[in-house]
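Presented sequentially are two complexes of chain A, the first with chain B as partner and the second with chain C.
On to the complex of A and B.
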């Protein structure tokens, strides 16, 4: 049941190593702080889940952020009502997101192609509006759902367990250990490795093969006697549960849930992440998620002062020119840089960064006459 | 076979866990080492870093970038560069123009994207990576509340920027969060007397309200204030945020029997709704034998510019305006103008003042230790910042000061000359009981970040 092919085992091992050593290799890139590394791991989970739907079946969901948001709200409510422990929070986040996915998927999957995308987008925008204004008692609207000191926390109260965090607000904990900073990151990292493993299993399973069949020719699948609906629905729900897990983790590492997490721009973001990295590949979406989060957090923080310091070695006039030109691409201009990168990748590397890597490997090997690997799995 | 592979997996997993534990352990020890201290202690790191986290992209980017300019000017003045700006008029002043406690201030910037999640990501980066001792900046109440809660948890002081909703210092207030900007409740109290004077005491008002927390709090506050005047509220209608076309909401106004339209909209919403209401011919209408009027309770210069001619003659409130005649406002306008070549907006002003107030509080406290700085800010009475005598109230960390009532200029001489100050509601009248909004500040003792 836990069997993986030799190649996948190696991949899993390398992946685990890369994830766990993040604090080391991200340090020279200026990204080795717990806040961002947690986001790296969480959005990678989100992207892996999205890829199970988009990569395997080719169904482009434009409303995946809804499940992320649902997961977050569920986790925060679990903190408020049940316990500050993260286990029930994550469990409920996954289950409730799965339930939402079941309902939304049931309706959306009646259509294919662009109609499916529009349906999911409509459902997600509906969830967003509900969270933003209509269901304010549950979601606290624009301000976001926050913890309070006098929340009931039934289980904690019944067990008489003291909460972590002293006199102020309690903080989320795993069996009594506060989930902050690096510990929080390693929890996310462990779950990321687990989801990567699950995704490997799905890609290699007959179920995954059926999904690929649906992607390449749906009609033929139906003619061969396959009832594709349950397969599609299962893929949609699994993907929604991954998103719910990511949403729950967002709330675990930072206990607030805001409606903006469900906005269509967030749904668009996850599509960008997947395409940027490489649709349908195992590792592609993860890389895409990291690149986008890196731009969002690090590039946007570079300002003129930093550029001036960097180009201090140039003569005065040159320094001014370099700083003036580059300042358009960092800070408030980080969207521009990301947009350019995205255009370049879609035009020259339709298979995303993973394709770029494979092409590079192929070019290096060509001299030796070995055939390049087909497709990046 | 499968058993063997299980073992290999098991081995891998153990290796992974082992590696994780090894990597994690030095971090835990470092955490422990700070235990008796506080987050990002500048005396330990040798650097004073302020974090300026404002929307540079997204809906409120324009106001955010203005605010950032204000912050950068404040850092210059704190470090003794430039002409000193408000440090010349601010009383009582503890800063000496050589940085804070004798050390120069540095800063880092971030983009909140007008999004609470991105705002918190930015604030965490500033605190965890850049070692910020104080974080400041926002253009929405959502951003303010989100960052304030995060900073409180991490034990870092947060000075909010432009946030007008009641929640920031109301039900979501925090010990580590401070607001200089006024709020919706004060807007309502401030605008009511002027409205009574201009439009009489027997008006019938129709509210269009942006459908989110800020809109609701403002609607509630303005409704209460106008009803106290004797006005009747005909209807309160919620409009979705970010709507482009308001005609479906404006048509019912015509037959509602109302003679005043109150737009509880901000930013793009107001820039769309006000011109459309004017184009609808509402202002030329007669209703109940009176001239029909439109009111926008919360104004900003950038919105007024965006709304163009429609803003002429419209009454609203502001936190500060560059045309004020007091020494502080003149000094700030001159200093900002010299730096950037244009008059400052209220967004730039509140950012500038917040940065100076924090730096000054540290100087007075003689320490960066957050509880000491908080105590220095609480109940701090000051003057010369452009808003007249001001109190940083200790009960809810809200600045209590006079509120400006402004009116769209009929004959603007430049694109900055769009709003005229028509009245100032004195501080005593806009003082309210902090208990009305609930919420609690929480403890002084800092958490470890």
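On to the complex of A and C.
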């Protein structure tokens, strides 16, 4: 059951190595602090999950942020009601998000194509609006769900265990060890490697092949006697659970949950990450998530003074022009860069960065292959 | 009875905005077969045409009037908009009526933007999948929103209603009821009438002009029309421009009702997509009908009596209707059989 092909084993080993050594190789890039690396790992998990649905079956869901939000809310409620330990929090986050995905998927999967996209969008918007308005007792509306000192925390109270964190608000912990900084990152990293492994298993399994069959020719799959509904639903629920896990981890690293995580632009972001990296490839979504989170962090930190310093070598007038133009794209305007990037990728590189890389490699190979031949003649 | 009528009116003017956006969306989908997620951004651009128009009109000159003294004994500074300087009373009128006058700016600007958008980007996506169309137009919507944000800033820009049109219209009298039994904000009535005129105009254009006839023929069978030696692509480009204009004027006239900011388009887009789907993909009357219907439903759902009965229904009613329609009748209320059914 846990067997992987030799090639996949190597891939997994390399992937694990890359993830675990993140603090080392991100240091020269200026991104090796735990908070950001946690985000890298969490959004990679989210993207891997989304890719299981979109990449394998071609069904474009525009409502996956809802599952992320549900996961966050569940995790925070688990902190409030049960225990500050992250194990029950993550477990419930995954389960509840899976339950939501089961219900939403059951209805949405009755339609295909754009209707499916709109159905998922409609469900996600419902969750979002309800979280903002009527469900305020559960979600705490615009403020976001916060921990409080006098939460019941039944399990912690029953075990008589003191919460980690001393006099202030309690902080999430794994078996008594406070989940902060690098420890938090390594938990996220371990889960990321686990999800990558699961995604490898799914890609290589008959289940994954069936999903790809549905993507390439649904009608033919049906005519060969396949009942595609349970397969689709399973894929939808799995990807929803991954999103729930990511949402739970967001709450673990920062115990607050807000409705803005469910906005449909958030769903758009995860689509963007997957597309940017490469839809339907194993590693693509992870790369996409990292690239976007990295640039979001770097670009939005740049301000006019830094630009002025960079373009100091130019004559004054040109410096001013360069700074004025570029300042629209950084800092607050980072989303503009993101949107442009999005358009460019979809227009020129629909297969994402992974496809770009493969094309490049193929071209280099061809270049090398033809040269000796020409020399031989 | 009056409450019901008032709610109906409430729904009609909101529905008018939905109908106008959905109309353009359907026009684009029916002709070009493109699912345009950037259509909300066109609405937003229309809003900001009105904002920019007023901004230009109210560029002022400051002159000192020595004959008048302020309470502090200083000469009073008189600020006159330049337009008023040049055109006198008509200029003042223009400043007052900046929102309706901004249509003059909105129409050409939106036409150019729409045609540029279609020629520059959208036409490369006719042969691509719907998913890719959604993605590229979604990206475009982000870009347009952010561009507007970088020019106009993130805060909303409230626009005034022309001074003569403020206050309430006594609709009760028009319907032969007691005076003051049913009043309604004047500008909303105007918006409703305006949108009806635009909708009527679009339908008349498609129905009664040769151009419209060719476009309708192209919607039914693009290839056959092309084989007749008609450059259907060029017509469809104009149709895209027309859709952009409809969205733009819908936005420009909506500014007094809701101060626009850079993401107003996104908020309307999701709703109008729902409207299109409920009405039936590719059906123009369906889009209009569904727009008004959902507007009315939403306004009835936000009545207190109903909200106490079903809390939160006002937030989700539109989506709920969409889900039900999609599951029960996927081609929508007035959709043709076989168009995007699946």
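Definition applied: the second predicted complex is superposed on the first by the 352 of 377 C-alpha atoms of A that agree within 3 Å, B and C clash if a C-alpha of one lies under 4 Å from a C-alpha of the other, contacts with A are read in each partner's own complex, and residues count from 1 in each chain.
Methods note: a contact is a pair of C-beta atoms (placed from the backbone, for glycine too) under 8 Å apart; a residue touches a chain by one contact, two chains touch by 3 or more.
Computed from a predicted model, the values in this text were never measured in an experiment.
S.K.: Overlay done on chain A, so just call it for chain B and chain C: clash or fit.
M.R.: clash
S.K.: With both structures superposed, pick whichever of chain B and chain C touches the larger number of chain A residues.
M.R.: Result: the larger residue contact count on chain A belongs to B.
S.K.: Applying the document's definition of touch, where does A:261 land relative to chain B and chain C: first, second, both, or neither?
M.R.: So A:261 only meets chain B here.
S.K.: Touching A:209, do we find chain B (first), chain C (second), both, or neither?
M.R.: Once the two structures are laid over each other on A, A:209 reaches no partner at all.
S.K.: What is the contact status of A:364 with respect to chain B (first) and chain C (second): first, second, both, or neither?
M.R.: neither
S.K.: Check the residue A:222 against both partner chains and state whether it touches chain B (first), chain C (second), both, or neither.
M.R.: A:222 sits against neither chain B nor chain C.
S.K.: Which of the two partners, first being chain B and second being chain C, lies in contact with A:325: first, second, both, or neither?
M.R.: Neither partner.
S.K.: Regarding the shared-chain residue A:129, is it in contact with chain B (first), chain C (second), both, or neither?
M.R.: both
S.K.: Quick one: is A:342 in contact with chain B, with chain C, with both, or with neither? Answer first, second, both or neither.
M.R.: second
S.K.: Have a look at where A:18 lands relative to chain B and chain C in the superposition and call it first, second, both or neither.
M.R.: Neither partner.
S.K.: Let me test your reading of the model: by the given contact rule, A:158 touches which partner, first (chain B), second (chain C), both or neither?
M.R.: neither
S.K.: From the options 96-104, 114-122, 150-158 or 330-338, pick the one stretch of chain C whose C-alpha atoms clash with chain B.
M.R.: With the two structures superposed, the offending stretch of chain C is 150-158.
S.K.: On chain A, which stretch or stretches are contacted by chain B in one complex as well as by chain C in the other?
M.R.: Shared contact residues on chain A: 129, 132-133, 332, 335.
S.K.: If we count contacts the way the header does, which residues on chain B are in touch with chain A in the complex?
M.R.: Chain B residues touching chain A: 2, 5-6, 8-9, 12, 16, 19-20, 23-24, 27-28, 31, 56-57, 61, 65, 107-111, 113, 115-118, 120-122, 124-125, 127-129, 140-142, 145-146, 149-150, 152-153, 165, 167, 172, 211-214, 238, 240-241, 440, 442-443, 445, 447, 449.
S.K.: Would you tell me which residues of chain A are touching chain C in their complex?
M.R.: Within the complex, chain A touches chain C at residues 58, 60, 62, 107, 110-115, 117-119, 121-123, 125-126, 129-130, 132-135, 264-265, 268, 271-272, 275, 328, 332-333, 335-336, 338-343, 346-347, 350.
S.K.: Could you pull out which chain C residues touch chain A in their complex?
M.R.: 35, 121, 124, 128, 130-132, 134-136, 138-143, 145-147, 149-150, 266, 270, 273-274, 277, 281, 311-312, 315-316, 319-320, 322-323, 326-327, 330, 340, 342
S.K.: Applying the document's contact rule, which stretches of chain A touch chain B when the two form their complex?
M.R.: Checking each residue of chain A against chain B gives 1-4, 9, 12-13, 16-17, 20-21, 23-24, 30-36, 39, 129, 132-133, 136, 140-144, 146, 149, 165-169, 171, 181-183, 186, 189-190, 193, 250, 254, 256, 258, 260-261, 296-298, 300-301, 303, 305, 331-332, 334-335.
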